[in-house]
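The same subunit A turns up in both complexes below, where it pairs with subunit B and then with subunit C.
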Partner chain A sequence: MNAPKVVVVGSGPAGTRCAETLALAGLRPIVIDENSNNGGQIYRRQPENFVRTYSQLYGSESDKAAAVHSDFDSIRDKIDYRSDTLAWAVSENTLFAAERGRSVEIPFDALVLCTGASERVMPTLGWNYAGNYSLGGAQIALKSQGCAIGSNIVFMGTGPLLYLVASQYIKAGANVAAVLDTSTVWDSLAALPKLLAMPSMLWTGLGLIKTIRAARVPIVHGVQPLEITGSGDAGVNAVTYRDKRGHAHTLECDAVALGYHLRSETQLADLAGCAFSFDRRSRQWIADIDDKSRGAANVYMAGDGARIRGADAAEVSGRLTALTLLLDLGYAVDEKEIKRLRSLHARYERFANGVTRAFPWPIEHVRNLPNDAIVCRCEAVSVGELRDASRGKQADEINRAKAFSRVGMGRCQGRFCGIAAAEIIADATQTPLAEVGRIRSQAPVRPLPIAVEQ
Partner chain B sequence: MKTQSSDVIVIGGGIMGACTTLFLRQRGISVTLLERDRIGQKASGSSFGNLRRQGRPISQLPLANRSSALWAQLSESLGAEIEVELSGHVRVGYSDRPELVEDFTHYASQAAETGLNLEVFTGKELHERFPFFGPEVLVGSYSPNDGHSNPRVVASACARAASANGAHVHENMAVTSANKVGEDFVVVTDAGLGFTAPSLVIAAGAWSNSLAEAFGEKIGIVSRGPTMLVTEPAPYFIHPCLGVVTPVEEESIYLRQIARGNVIVGGSTRSPASTSTGRAIVDPKNTLSQLRQLRRLVPALAQLNVIRVWSGVEGYTPDGMPVIGRSEREAGLYYACGFSGGGHQLGPGVGEVIAELIDTGETDTPIEDFGIRRFNASTG
Partner chain C sequence: MNGARFTRLAEQDRQTVTFFVNGQAIEALEGDTLLVAILAAKDHVRQSEFGDGNRAGFCLMGSCQDCWVTSESGERIKACSTRIVAEMRIVTETVNLK
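Take a look at the complex of A and B:
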């Protein structure tokens, strides 16, 4: 019997642990990585000629980053690792990829999607000016380029990444003007029982806050973002927000990093035929995954791409998914280990639910956005245009609203505006968010060069 | 069962059904439009948006010309922006088919008799006029008054205008049975509602087979999906619509650029499509072969990225010609379906012709070639 052909997409914490587990079982998985090197977003490696230490690069996460990197390095000769490779479509047990500009078709017996997460972003008036970055983008600039996004930066949004990236910038010597969080202290308190499922992670989080406070950077809770001011030529120059007492404040800055916790990257799962359900807790659509980590026949999912649970849970999930896959393929597997990982994963799940509670998606702020704010940056669709299209043309479903207004039709295919757009449509047409639906994924997962060699 | 009556029932809310409803209302005829999904959501909403007359069989040109005149003022009469851009259309042939020079010239002289004026360019003249063509392009036939529109918004804009003018438009309502009882058609829907009318129009695209069969007529429509893609925006440099003339399906691409910069490409190898799921999935292999043909037609496009592909469920007849006009077997029954991937331009013309037929019993526009008779004859 030929060894089963397993393709793992992604080499972040989930992809690394999945590939490692498969390789140790004697398989030689193909690992597809959009980036030039392994580590994913959270543990993105610096370019080879950069010499910063792990502690400088990853701060509180440095030990975990080092372990993920060195364990990946130790299996490099046991896997078929393909970096700079874009998995752009899936059809009938074949993954279509563009490998350094060349088109390749990779048939598989099993596909494991470890596609990770990206920012959930709430539009703000002025977020389309130059100088606005997602938190992930700000992190990439720091890790990959060794530069800050500005010389006086406001971090605005909510979620653990807001604090992680702000503290990483502070440690790197950048000037952070403030951390503005839409969540309240009450949200954190209400989440505490669940957060205590992982005391060490809670401790790490508190450490980040301490780092920020020690640098005398103000942390403001319960804000409502009002406007990012600036100009088309010079970009961002200030952020205006309302505090919880209703007073407006303006903070001068030359860059803004934005993010409201995370969303799963699900396009490949969608193209591979996985079904999705609306999750009321996170107000997101997540893939229906069975107890064997399968989203569809031969399609397995692990890590934040399946559900946002964080990098530590992703490592567990990657291992667990690999073991259940091995079991499906008829390999002998330590069932006790599966049981142990499942129970550990359940604790992470509880903690993740706490994080979701602590940093809620600010629904009211999204729904009350002014008409002249841009919701879809790729296609320059304003909130008002989207409201008009959905209300005036009975487009209470997001794909229909997309057809009429162009929202989500541009380069990012709604990955950044889709969640906010759905809230705006739900509000404008008085439709439950679950019925507004989600933008159907279409290939390519990322822009595909017409020049792709065949 | 609750029953609603009108003069006409139109089944199918694509561009054909929506236009027919619109023009029936303009004649003061009461009309009910039934759509199983949302208006303009299937083939009509996922099509290319071509307003191309040239290249159609000569017998279709009087109808296409009539439609063309309607398109020119449709945006205004609907009071809606449907992005009609009459920026011309170029059909091209590659150098491995030199006979196309004569074919195009011959076609142009026949088309001129119907009122469609075309200019045929070859060699240096062609490449000076349209500098974006690749070196393999040998001949081009230019139709200055053709162009394109935005298919995502046209059918729904027509239905909204019809609705504002008194049409009864029902979405998310699938027809479960259609019969003739005495003088009236009785149509029952999955919502448990019944509709009656002395006239019935079947304009249900790929879903038309079973409706025709209910009246003893068989069209034999097959569902297929076009392979579509759109690029990221680039400077606006291709003003006319372009289309390749070839018997090879893979080579048969067409494209248009919109003023905001995106290039929309269709054609090449089609995908399977399903009326039961209502979806057609683009095979990535077809996208790749389409990209090869795209680089051949307009090499400069190789600098761009594809940002999205899509398809839709289109209905193809056995001879590739539409079914337009009266039923052969049932008085009061009309067809407007089976447009085989080429219906968008004809939409307003077909709508007006069907409305005219129902209202006056006749039309000056020749449609004999599109009668259902040709399929009835072959099936007995």
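Take a look at the complex of A and C:
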């Protein structure tokens, strides 16, 4: 019997631990990575000619980053690693990818999707101007390129990344104008019992706030973003927000880092036939996965691409998924280890639910979004156009509203506007969000150059 | 404003690489992505096709598709996911084919 062909997509914390576990069991998984080296977004590596140390780059997470890198390096001869390769479709036990400009079809017996997450964004009037970046983007500029996104930066939104990236910028010597958080101190307090499931992570989080305060950078809670002012030519020049007492404030800046916690990257899972359900807690659609981490017959999911639980949980989830997959393939597996990982993962899950509670998605701001704010940056579709399309054409389902308004029809395929667009449609047509649905994924999940060779 | 959008904070002790944006020679540093190389000298990389002004990328991780630029030979390049190479010739201004 030939060894089963397992393909792992992604080599962040989940993909790395999954590939490692499979390789140590004697399989030779194919690992597909869009980046040129492993680490994913959170532990993204800097170019080879950069010299900053792990502790400068990853701070409190430097030991974990070093382990994810060196453990991956040590299994390189036991896996078939395809870097700079974009997985763009899945169909009938075949993964379609563009490997350095060449089109390849990779048949598999089992597929493990470790596709990670990207920013969830709430639009603000003016977020289409040059100088607006996602929090993750701001972090990549610093970590992998040694750059700040501007010379005077406002961090706005909510979620752990807001504080992590702001503190990393401060430590690197960037000029941070303020941290504006839509969540309130009450939200944090209400989340405390769940956050205590992982005291060390809570402690790390408090350390970030301490760093920001020590630099005398204001942290404002309970804000309502009003406008990012600027011009089409010169880009961002200020942020206007309302504080919790109702007073408006304007902060000059030349860059804004935006983000409201995360959303899973699920397009490939969608194309692979996984079913999705609406999750009331996060107000997002999440893949249905069984107790073996399976989303479809031979499709497994791990890490933030399956559930937003953070990098530490992703490592556990990657290992766990590999072990259950090995069990399904008939390999002997240490069931005690599965049990141990499951109980550890449950603690991370409780903590992650606390994070969701501490940094809620500010749906109350949806109703107040001005009609002239852009919701879809790709196609420059305004909130007003989307409201008109959904009300006027009875388009209370997002794919119908997309057809009429072009929201989510652009090159990013709704990654950065889809969640907010659904909220706007739900509010405009007074439809429950679960009934508005989600944007159907389409292959290729990312644009391919026309010159991809067969 | 037409100056640099990004501010270099570290890793500045690298070899320089000369490339061209709209015909103008620009010095970048070895290891820069094309997006960083452009934005360390200029404030945008392209124009929105829908008339709402200049764009300078958004996610930097290959996901938002807002940093596509064009080479002088007409090839489309995703600037955040492309490493700078000496003598690259990039166009950031949209040619108006009226």
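Basically, the second predicted complex is superposed on the first by the 454 of 454 C-alpha atoms of A that agree within 3 Å, B and C clash if a C-alpha of one lies under 4 Å from a C-alpha of the other, contacts with A are read in each partner's own complex, and residues count from 1 in each chain.
To be clear about the criterion, a residue touches a chain if its C-beta (ideal position, glycine included) is under 8 Å from a C-beta of that chain, and two chains touch if they have at least 3 such contacts.
Given the structure is predicted, the values throughout are model-derived calculations rather than measurements.
On the superposed subunit A, the positions of subunit B and subunit C stay apart, so the two partners fit side by side. Between the C-alpha centres of subunit B and subunit C, as viewed from that of subunit A after superposition on chain A, lies an angle of 80 degrees, to the nearest 10. Touch criterion met: A:A255 reaches subunit C, while subunit B stays clear of it. Looking at the shared chain after the overlay, A:Q145 reaches subunit C, while subunit B stays out of its contact range. In the superposed pair of complexes, A:P447 makes contact with subunit B and with subunit C alike. By the document's definition of touching, of the two partners only subunit B reaches A:R400; subunit C does not. In the overlay built on the shared chain, the residue A:Y133 is in contact with subunit C alone; subunit B does not reach it. In the overlay built on the shared chain, the residue A:R411 is in contact with subunit B and with subunit C. Set against each other, subunit B and subunit C differ in how many residues of subunit A they touch, and the higher count belongs to C.
In the superposed pair of complexes, A:G235 makes contact with subunit C only, with no contact to subunit B.
Taken over all C-alpha pairs, subunit B and subunit C come no nearer than 5 Å in the superposed arrangement.
Within subunit A, the residues touched by subunit B in the first complex and by subunit C in the second are 410-411, 447, 449, 451. Subunit A meets subunit C in the complex at residues 34, 41, 46-52, 56, 118-119, 128-134, 136-138, 140-142, 145-151, 172-174, 231-235, 254-255, 265, 374, 377-380, 410-412, 415-416, 446-447, 449, 451.
Within the complex, the subunit A residues that touch subunit B are 88-89, 91, 96, 103, 105, 393, 397, 400, 403-404, 409-411, 413, 442-444, 447-452, 454.
Those residues of subunit C whose C-beta lies close enough to touch subunit A in the complex are 1, 5-15, 30-33, 36, 39-40, 43-44, 48-66, 68, 75-76, 81, 83. On the subunit B side of its complex with subunit A, the touching residues are 38, 41, 45, 152-153, 156, 160, 230-232, 281-285, 287-288, 291-292, 294-295, 301-310.
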